[in-house]
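These notes are about the structure you will find just below.
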Amino acid sequence: MSDSEHLLEVNDLHVEFRLRDGIAKAINGVSFYLDERETLAILGESGSGKSVTAQAIMGILDSPPGFVTGGEVLFQGTDLEKLSPKARAKYRGPKLSMIFQDALSSLNPVFPVGWQIAEMFRVHQHMNRSDALAKAITLMEKVKIPAAKERVRAYPHQFSGGMRQRIMIAMAIALDPWLLIADEPTTALDVTVQAQIMDLLKELQEESGMGLILITHDLGVVASVADRIAVMYAGRIVESSDIRPLYANPLHPYTKGLLESVPRLDQKGQDLLAIGGLPPNLLAMPAGCPFNPRCRYAFDKCRAGEPPASEEIEPGRTAACYLAGRLEGAHA
Amino acid sequence: MGKYIIRRVLQMIPVLLGTTFLIYLLVFLLPGDPTDGRCGQRPCSPEYVASFRAEYNLDKPFIVQYLLYLGKLLHGDLGTNFYGNTVVSELAVRYPVTLKLAVMAIIIEAVVGIAAGVAAGMRKGKFVDNLITITTLVLISIPVFVIGSLAQLVLGVKWHIFPVTSTNGTFDQLILPAIVLAALNVAYAARLTRTSLVENLRADYVRTAKAKGLSALRTVGIHTLRNSLIPVITYIGASFGSLLGGAIVTERIFNVNGVGSFLFRSINTQDGVSVVGTVVVLVFVYLVVNLLVDILYGVLDPRMSRD
Amino acid sequence: MTDLTDMNKESESQARIADAMTAPSLGIEEPQPTIPADALEDPAPQPVPDLQTVSEERSLMQDAWITMRSRPLFWISAALIFVFLLMAAFPQLFVFSGRTPDWSDLDKARMGPDSVAIFGYDLQGQDIYVRTIYGARASILVGVCTALGAAVIGVVLGTLGGFIGRFLDTLLSRTADVFFAIPLLLGGILIMYTFRTTAESPYFVVVFKVVMALSVLGWPNVYRLMRSSVMQVKPSEYVMAAKALGANPLRIIGSHIIPNAIAPVIVVSTIDLGSYIATEATLSYLGIGLQAPAISWGIAISDASAIGYVRNAPHMLLFPSLFLSLTVLAFIMMGEVVRDAMDPKLR
């Protein structure tokens, strides 16, 4: 791996879903990179394509109906898209792994949690049953599950939400992966538990130096843990930025809208504005910029032709908007 | 687990009481003389009427009658028919062959049903799936006695693949009746397997299994199948009831000398005591099997036996 | 303390965003192969949440209809059901030879098909085609009446149990358990044996007995469905609203609860109808349902299925069997097509 190489580099990724009612273009030319020890947050509403992006990187899209129709996913310089399904499956677990939003449904209900963690060692390292189970207990202790030894034979439904997510994490980090994708890991949890899980992820990342992709719709979670952020809308990255400047000065109207809809501690008595309207139907995308029907800055150019291309506005910051960087002056 | 089993057993008691009560009500509380039509075509002899009235305490108040009847049932006394044979002894001679037939049918149902269901579910929307779906629909629509007669005609009489009748109840004679008896339930088991598999293939834990880097074979064969088969296995257990009903028809067609043909013959000779006794036993067996299935369900699905 | 309130505030707004985000767009995160048809026609945002339940209901039915009419199985079963209903009501429409079901010529007994009797002749030299056509009436009559009977008992009791709850619900549910525990055929045998019929019993009396027997055994299916539908609908907003407005309970049941819960009942009743027909035929086959001189497919099959006849005159078995199976098939198929159309998840 040369110095110039990123841990993960996604270039011009396209994904579509071939449905009975037509083709839904879920991902339309997404590009980003991630280095070791780095945390990238991918932010967006449901339907924006953030989870699809994650599943495409992992190679676990439901296919059919989902198909990767273009682009490359370079992991340590290897294009995963060019690998055979079998070779790619070998990457999942030891090199990249993923945790999901709903740990209860994501864990198999009929196997004990210890068995499910141990399966990683049994399948990938051909370890024997008792050694693998011992490793599973160690992992459960590592993710701070109390009385791990006693609970290793318990079933997922016998744990609390936070504990279940810890079990998912234990399973995901079992083989020391280089990259962990966390798809809304805390959405289903109580606020206090959310913070504990995020702390745990941070701690594990510092210990192992893995890269972390955090998929979320929650700006609050992002601020505390991410180094960089990519905002997705309708299958595109509309803004990509280091974390600090994004909060201070959003470049894209959509990002601005998201920030305005969250109460902030540093501003008293501000009005909270929800973004009006709904995300576009992926089967009937509006012409021009996909955000234009909901955008208060939209003008004629936004409503016709191709969507605006992503351009570098400041060093390390890109946005796909004709008005990027000039939002304060423009008014609807 | 222990609590779960106890709860299930306790839940079954009122159903059992209700069922026997209902049957008793039906048979003994009707207008007219209960001995009417219990002795075949002839009127009952006065001795039989007297012994019958005494046996069922017909001179006592109704609720006492029922309780005494229930007591007899608990002692395994199903009554004596007008030939002077106890129903229990009649059934004792015949149940082994019916049991053999039912077990063979259950095995066929499980093996063929699950295999067909998995084949269809794995290739959802493809040719195999459509073929199996339509075949099962047709099988479900053809009543057992039609399948039985046709199978006997084609496979037995015309092509000589199987013996035409099964009078001795040996294994080879029972194969065709068992297939016929299983046919309907094979279809249901296959469809249930398919639906359940298709549903489970979409489950979140399948995505997790993929994310863990497991092979497709392991994902489906271990993670999905284990979950999908829970309802199928319980269905197969519960289908025992319809097997018992079907056995009456199948045994008649293939001349199997089992509980089913005994019931059929009792119906035609108007041997009421035997009809009622046999039905009570069959319903009881059905309820017990259902209870066992419920317990099995608790074993298979750890979420169920949570106390 | 301040931290906590701030956190709560934050989580509230997060919940709000989450709500906005999970609004009914195309749920790509869990790709579903079907999208409501109106989502395609109307890309403009329609944020009128109050009307949503109503329009969702309507679009569900419309969607079901659109799915259904594109499926050949729907049209095949609809056509079959229509033909069999017509056959049951006006059998003479299907008989062109002028023969009645009682017509017989003993010289022709067990003879195969000829140019007049296209299905051949039975034991008494009667025209099997004519008798098969006239046999539809018994099956259809028993099937339809039983399905209706079971549905009426099930809907009434299910609504009462679900709506009133408490002791009545417990009582009804346990009673349903008892009836549910008796396999249809065994129960049918028991009841029909108890209320014995003879060859002299009038046709409609026998049919009525079979219908009663099977309805009494079949209602728990509908009851359970209806009860759970009512329990689901009961806490919904429009029922609450109707209650708050002081509508009387009967009115709420009639105008709000039943219309919403009835669709699955129709589906299950249609499927069950098929099995009632099969059970009636089985009872007749066993000799305790309809009896000659009544005309029924079950009796015809029973007569034809003695070994000697199966060997020498298989046509006697074949045609009534075919008609019986097609009828059962038509109803089961129809029920399943409708069910699938209303539950896109299964597709």
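Per-chain numbering from 1; labels A, B and C assigned in written order.
Note that in this section contacts are C-beta pairs under 8 Å (C-beta built on N, C-alpha and C of every residue); 3 or more make two chains touch, one makes a residue touch a chain.
None of the values given here were measured: they were computed from a predicted structure.
Ranking every chain by how far its Cα centroid lies from the centroid of chain A, the top place goes to B. The chain occupying the central position, as judged from C-alpha centroids, is C.
Pairwise, the chains sharing the most contacting C-beta pairs are B-C. With each centre defined as the average position of its C-alpha atoms, the distance from chain A to chain B rounds to 52 Å. Chain geometry summary: the mean Cα position of chain B and that of chain C are 23 Å apart. For the pair chain A and chain C, the distance between mean C-alpha positions equals 47 Å. Counting partner chains per residue, chain B has no residue touching two or more of them. For chain C, residues touching at least two other chains: there are none.
Multi-chain contact residues of chain A, defined as those touching 2 or more other chains: 62.
Residue ranges on chain C touching chain B, taken from their complex, read 174-175, 177-179, 181-186, 189-191, 193-196, 274, 278, 281-282, 285-288, 301-302, 304-305, 307, 310-311, 314, 317-318, 321, 324-326, 328-329, 332-333, 336, 345-346.
Chain B makes touch with chain C in their complex at residues 14-15, 18-19, 22-23, 26-27, 30, 37, 137-138, 140-146, 149-150, 152-153, 157, 164-165, 195, 198-199, 241-242, 244-246, 248-249, 252-253, 263-264, 267-268, 270, 272, 275-276, 279, 282-283, 286-287, 290. Against chain A, in their complex, chain B makes its touches with residues 202-205, 207-215, 218, 223, 226-227, 230, 300-303, 306.
For chain A in complex with chain B, the touching residues are 55, 58, 60, 62, 86, 89-94, 97-98, 100, 102, 105-111, 119-120, 123-124, 155, 157-158, 168, 171-172.
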